[in-house]
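Both complexes below contain subunit A, partnered by subunit B and then by subunit C.
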Partner chain A sequence: MRYLVMRLSQAATLLIGVSLLSFTFLQMSPGDYFQEMRLNPQISQATVEQMRTQYGADKPMLARYGHWLASAARGEFGISLAYGTPVGPLLWGRARNTLLLTATATFLSWILAVALGVVCAIAPRNLVDRCCAVASSLLLAMPELLVCLVLLTIAVHTGWFHTGGMMSLGTGEQSATWLQQARDLASHLVLPVTALVLGMLPTLLLHVRNSLFEVLDLPFVHAAAGHGISRFTILSRYALPVAGNALISLFGLSVGSLLSLSLVTEVIMSWPGVGPLLLEAVLARDVYVVIGAVTVSALFLVCGIALADIFLYASDPRIRAERLA
Partner chain B sequence: MAASRAAARFSNSGDHASLKPLLRVTNLKVSIPAGPHHWVHPLKGVTFQVASGEAVGLLGESGAGKTTIARSLLRLHPASTQVEGVIEFDGIPLLSQEEKALRAVRGDKVSLVHQDSSVLNPVRRVGEQLVDVLRAHRPWSREMCRQRAFSLLQQMDLRPVTRIYSAYPHQLSGGEQQRIVVAQALICRPSLVIADEPTASVDRDTASQILRLLKYNKENFGNSIILISHDVDVLAQVADTIMVMYAGRIVESGPIERVLNQPTHPYTRTLLRCADLTKLELRRRNTRSQLPTITENLSESTATQPTCDAKVHGAEHTAVVDMRGCRTNLRAIGSELRARESEVRNSPWLLQATGLSKSYVLGPRWGRKPLINALDNVTIALPRGKTVAVIGRSGAGKTTLATCLALLEEPDAGEIIFDGRSVRSLDRVSRRAVRRKIQIIFQDSVAALSPRLTATQLVEEPLQIRRSMPAQQRAQVAGKLLEQVGLARDTYMRRPHELSGGQRQRVAIARSLALNPSLLILDEPFVGLDSPIRNQIVNLLLELQTSLKLAYLYISHDLDLVQYFADITLTLDNGRLITSADIRACSN
Partner chain C sequence: MKLRKALLLPVTCLAAIHLMAFAAGFIAPYSYSRQNRDAILSPPTKVHWVDDEGRIHLRPFVYLRTEHPETAEYEEDVTVRYPVHFLTAGVSHDMEGSTTVHRHLFGVDPPAQLFLLGTDDLGRDVFSRMLYGGRMSLLSGLLATVLSLGLAMGFGCVAGFYGSWIDAAIMRLAELFLALPWLYLLLALRAFLPLHMEPVHVFFIVIALIGALGWARPTRLIRGLALSLRERRYITAARSFGASDAYLIRRHILPGISSLLLTQAALLIPQYVLAEVTLSFFGLGIGEPMPSWGSMLASLQQYRVMVSAWWMFSPGVLMVLVFLSYQVIHDALRTASAIAEL
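This part shows the complex of A and B:
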């Protein structure tokens, strides 16, 4: 219980720190939204000044930060200068799309990584293992951008997949059934999910393979084989739970990066997620949107790590004993 | 059902035993690849039989091939290992069996008791691990397996059973863990139990309990036992017959009384002599001769020919000093001791520590704070070029004393004066210089040496950190040091796991000598070494002491060796020095 309280307070401190830092950095960067506006000859100086006051941009930084905190507590996270609406609702809609994409991709990557990792680890240096090693190095060396572009080229040439967006025109209407909508969404998902999986899989695969490989050589695994316990039981009850420890932390990190994982892919594949919104906001100096996005992804990270902690706590009795001591 | 099975075994173990052995091993050879076109042969043709209900002891030093026998009987070696010969168990040739058929034998018909409890799955309840073994071989319900496990735990005196059953390995004491390891091997009531040093990692009480248990099982269920140990006393408690192994061969075998009392092979004779310290402890005082050891490589032919005499270092003296006139001897030693003592007193102190105290806080920073007084007002002085031994039970504060004196840990109170200077007053740079003069050799050299470095690199590393000489010179110095501790050239490029226990300990010694220290702290350096190897290391340390004028602080709970090795013996209990007695008082 004490431990939980401590973890929560740590998380809160971290979030405040992140938001404060992003506030400060944005403050330090030259120019703001209103200066950009001034370049437009159709808007008068007076209007700009009026808007400045209206949005509170003339107040000192700490006051604005306090104001923002209050609005964050209401779930608004300030008001977007470009859209003129609270950041919160704007972000939620986008975040939902991003999560749909990244959660699918992460889930698939993990399944693939564990399956392939087990195959590689129980028969090291065989054909599958070698192929995986080569493919992993290649994919690791390739920038995400390139992977996306290659995939897009394939899609354009073959015409098998949708090259952008999240829904086809017309399927969003009432007439389309639930099933049609889902199928349409899935076909749009294929390309960005593939890109993300290709990006994530090599790292995960290497981790799964190596930690399992190490565990499979530990004395208790050999001893279990010596007692005549079947290979499947050894793998599922002996090796994987122990190898899991290293992987759970990694899992926490991958959950934590759900929101920030796909920024590049989303922009290239024009997926209506947080990525394009954030890019626009940065270019337009729409301060509160940027801070909101950064803080929310930090929140995800904190939650992901906490989740990993809880999993570890549940999976490893040694850690439980240590924490309770 | 179990009872009838046991009865059936009993009838087997009668007259037929001599006619039809349970296990017959013929000309077993094992080769392990060790690099391109290079093979190591841990077993060079071993032939033996085990009858039903017989307990066979396997005696030998580490590296003799004992564990290899155990592993090849169950075919547990890696795929790259080559095994030749015939292993016939209950009429089945094991070496030609399919993996699936083997799995049915492993754990059920033939089971293996492992050396230590690292063979327990750390994240699974021990009861479930017991049940796993049972379920692998019996089509029983989970509940039935549970009951069998419960009754076995009860029989093994692991109580309360429900707590033990649902405990994880780390929640059990070392003795309890080891008994679980034994239980895993016994739960299927196998007809052959192979116990590979089952008592190596536990204290004496647990050891005798485990041996009693193996014996009890043998008597009640009629199974055979192959007990592997380097300790004659362990074998004597269980075995009916004994086989002595040397360098991959069985050099002598026979009924245990005969082999122990009238060994015919010179190797057996030497091994038994090395193991027996009781007659040796007095001698160093008089002659300063060496402990008996066995020279490396009795050549292959001598190992097989019992007529040839094994070379034994320093052992000619052993026969001379038997227990004849022990009393007068002691008296003479007493007077010599007093002389030595005054010599010790006169020599200037290398290190003096006064009023050392150190306590530890348990639990988290905000939680409960039970204090542990690891050291309580300890005053100790170490003379130059002499050995001071600190003995005490585990938890008495021995290791804390060592780390405090090595300046690895800051004592809460007290002062340490090294070479005439108070350590507390030193600045960081000169403190580091002092620290170089004090080196520790740890009990577990596997844990103390980085697994990724070769022997040469390990010795070079301290020099490298100090940046005092160019790389080439470093390599030369390292080579010289390794030579000084008596390592053969072909071991220089090996990594710790490729070295034997004795060789590792030599590397650890060479490494600590690299910075030219004046004090070596030896924290149980001989634990886990076979007696001949232990004797070698003792001899080496004594030689180094004379030639390099080293002071030793020797930390141990092994009284026998302390008497031989140390000039002054101190006893530590609950963080306090009880007596500051010399050897004479100790042996009284």
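This part shows the complex of A and C:
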């Protein structure tokens, strides 16, 4: 219980820290949305000043931050300057799409990483292991943006996959059944998910392989093998749970880099997630949307770390004993 | 000895790429901004050694090419050969109308054109732009690493050496920076700065942003090392002789972290090059007509470029080569330092 409270307060500190940091940068930055407006000869100086007052851009930083916190508590996260609507509703729809993309990719890449990692670790330096090592170092050197572009080029040339967007035109209508919609969504997911999996897999695979390889060399595994326990049982009941501890922590830590990868993928594959929204907002200098998007990314991160904690709690009896005490 | 052997290939490769990029003015046959309206998205020029009648020439040559009006394919006019000259004099005209003459490594006489890697959607030579763009991308990666490691060295040494509340404060801040998805943070910071500026200003701002955002990870490592170095006997001995803190840090802590700095640099430089490439890919980096690998790759987002112009991927290929080299160097350095510790 005390542990839970501590964790929650840590998460809250992170979120507040992130938003405060954003506001500090906002305050320090020269120029703003309204300054660009001044370049437009049709908008008078008085109008600009009036809008600044209306949106509270002329108040000191702490007052603005307090105002923003209150609006965040209402679920609004400030007003988007470019859209003229509260930021919250804009963000939630996008966040859902990002979540769908990243969750699918995470799930698939972990399954692949564990499967391949086991194969590599039980027979190190054989053909599969060497192939995996070469492929993953190539993929590591290949930035996500290039992976996306290559995949898109392949898709455009072969015409096998849907490129861009999340739904085909027309499938969102009432006439389409639930199943049709799901199938359409899945076919649009293929390409961005592949790109993300290719981006995440090398790091995950390396960690799974190495931690499993280390565990398989520990005395208790040799003892179990000496007792004549089958290799499969040793792997699934003895080695994987022990190696799992480090891997689950890795899951929590990798959420941040996953989000960065996802941002690039979303923009290039025009997946309507938080990434393109952030980029548009940056180009339009729509500061509240920028701050909102960064806060949402921090929220994802906090959730990822919390999820890793829950998994760790469920899988490792040592942690259960230590934290209940 | 083994380390030297492992480093030979990647270091040579990197040296060659950097040399080509920084000597772009000499090696590139054209300027990065010269547009050829009659050669939009033209494929790489073929360099011939054997002419139409089967004779072999010692000096390579090219043919004049014309675009077929219907099929949009390029046809070579094999009647006239245009030999490739080496160390040619190039003439450039600037805005004020004055002309300057400078040497290029190779070139052909007009009206023939030598596009080693084709042209982009404005008819600019991709090979030349790739070299000039590499100058931007590679230099900003290097400078950002220097900045970031400099910050990390300062913060890390102070935090590790003094401990107590200074350490706690710096480390909390570092954790905040580490936790955030850094591309989000990078874009957010970019949002608060004016979009349209002088290319030179943008260049330095991009470097400052990337370098300032990346301080947290190396700081944590350096701080850990400094913390363990602080307890060594020779430091206690030096302190008992009356050595000041500044002297201890300069004379004993900094040499101790130097190998860590080298390994970190090999890890950080490619990351920061990629950061610059990503920013300019999104149109937030150095603006046109100045090339960067990122803005060159960005034109692949256009459908017609993507389906027909495979040569536009060439900056990407060079980038992968750079990253692979740094990866090999990093692995070799890490293995070497792990062996040294045993």
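Here, the second predicted complex is superposed on the first by the 311 of 325 C-alpha atoms of A that agree within 3 Å, B and C clash if a C-alpha of one lies under 4 Å from a C-alpha of the other, contacts with A are read in each partner's own complex, and residues count from 1 in each chain.
Operating definition for what follows: contacts are C-beta pairs under 8 Å (C-beta built on N, C-alpha and C of every residue); 3 or more make two chains touch, one makes a residue touch a chain.
The model shown is predicted, which means the values in this text are computed figures rather than measured ones.
By the touch criterion defined above, A:Ala281 lies against subunit C but remains apart from subunit B after alignment on the C-alpha atoms of chain A.
Once the two complexes are laid over each other on the shared chain, residue contacts for A:Ala63 go to neither subunit B nor subunit C. In the superposition on chain A, A:Arg318 makes contact with subunit B only, while subunit C stays out of contact range. Of the two partner chains placed by superposition, only subunit C is touched by A:Ser257; subunit B is not. In the superposition on chain A, the chain among subunit B and subunit C reaching more residues of subunit A is C.
In the superposed pair of complexes, A:Val290 makes contact with subunit C only, with no contact to subunit B. Residues common to the contacts of subunit A with subunit B and with subunit C across the two structures: none. On the subunit A side of its complex with subunit C, the touching residues are 14, 17-18, 21-22, 25-26, 28-31, 137-138, 140-143, 145-146, 149-150, 152-153, 156-157, 255-260, 263-264, 267-268, 278-279, 281-283, 285, 287, 290-291, 293-294, 297-298, 301.
On the subunit B side of its complex with subunit A, the touching residues are 74, 76, 103-108, 111-112, 114, 118-124, 132-133, 136-137, 168, 170-171, 184-185, 362-364, 366-367.
Within the complex formed with subunit B, the residues of subunit A that make contact are 2, 218-220, 222-230, 233, 237-238, 241-242, 315-318, 321, 325.
For subunit C in complex with subunit A, the touching residues are 176, 178-185, 187-195, 270, 274, 277-278, 281-284, 294, 297, 300-301, 303, 306-307, 313, 316, 319-320, 323-324, 327.
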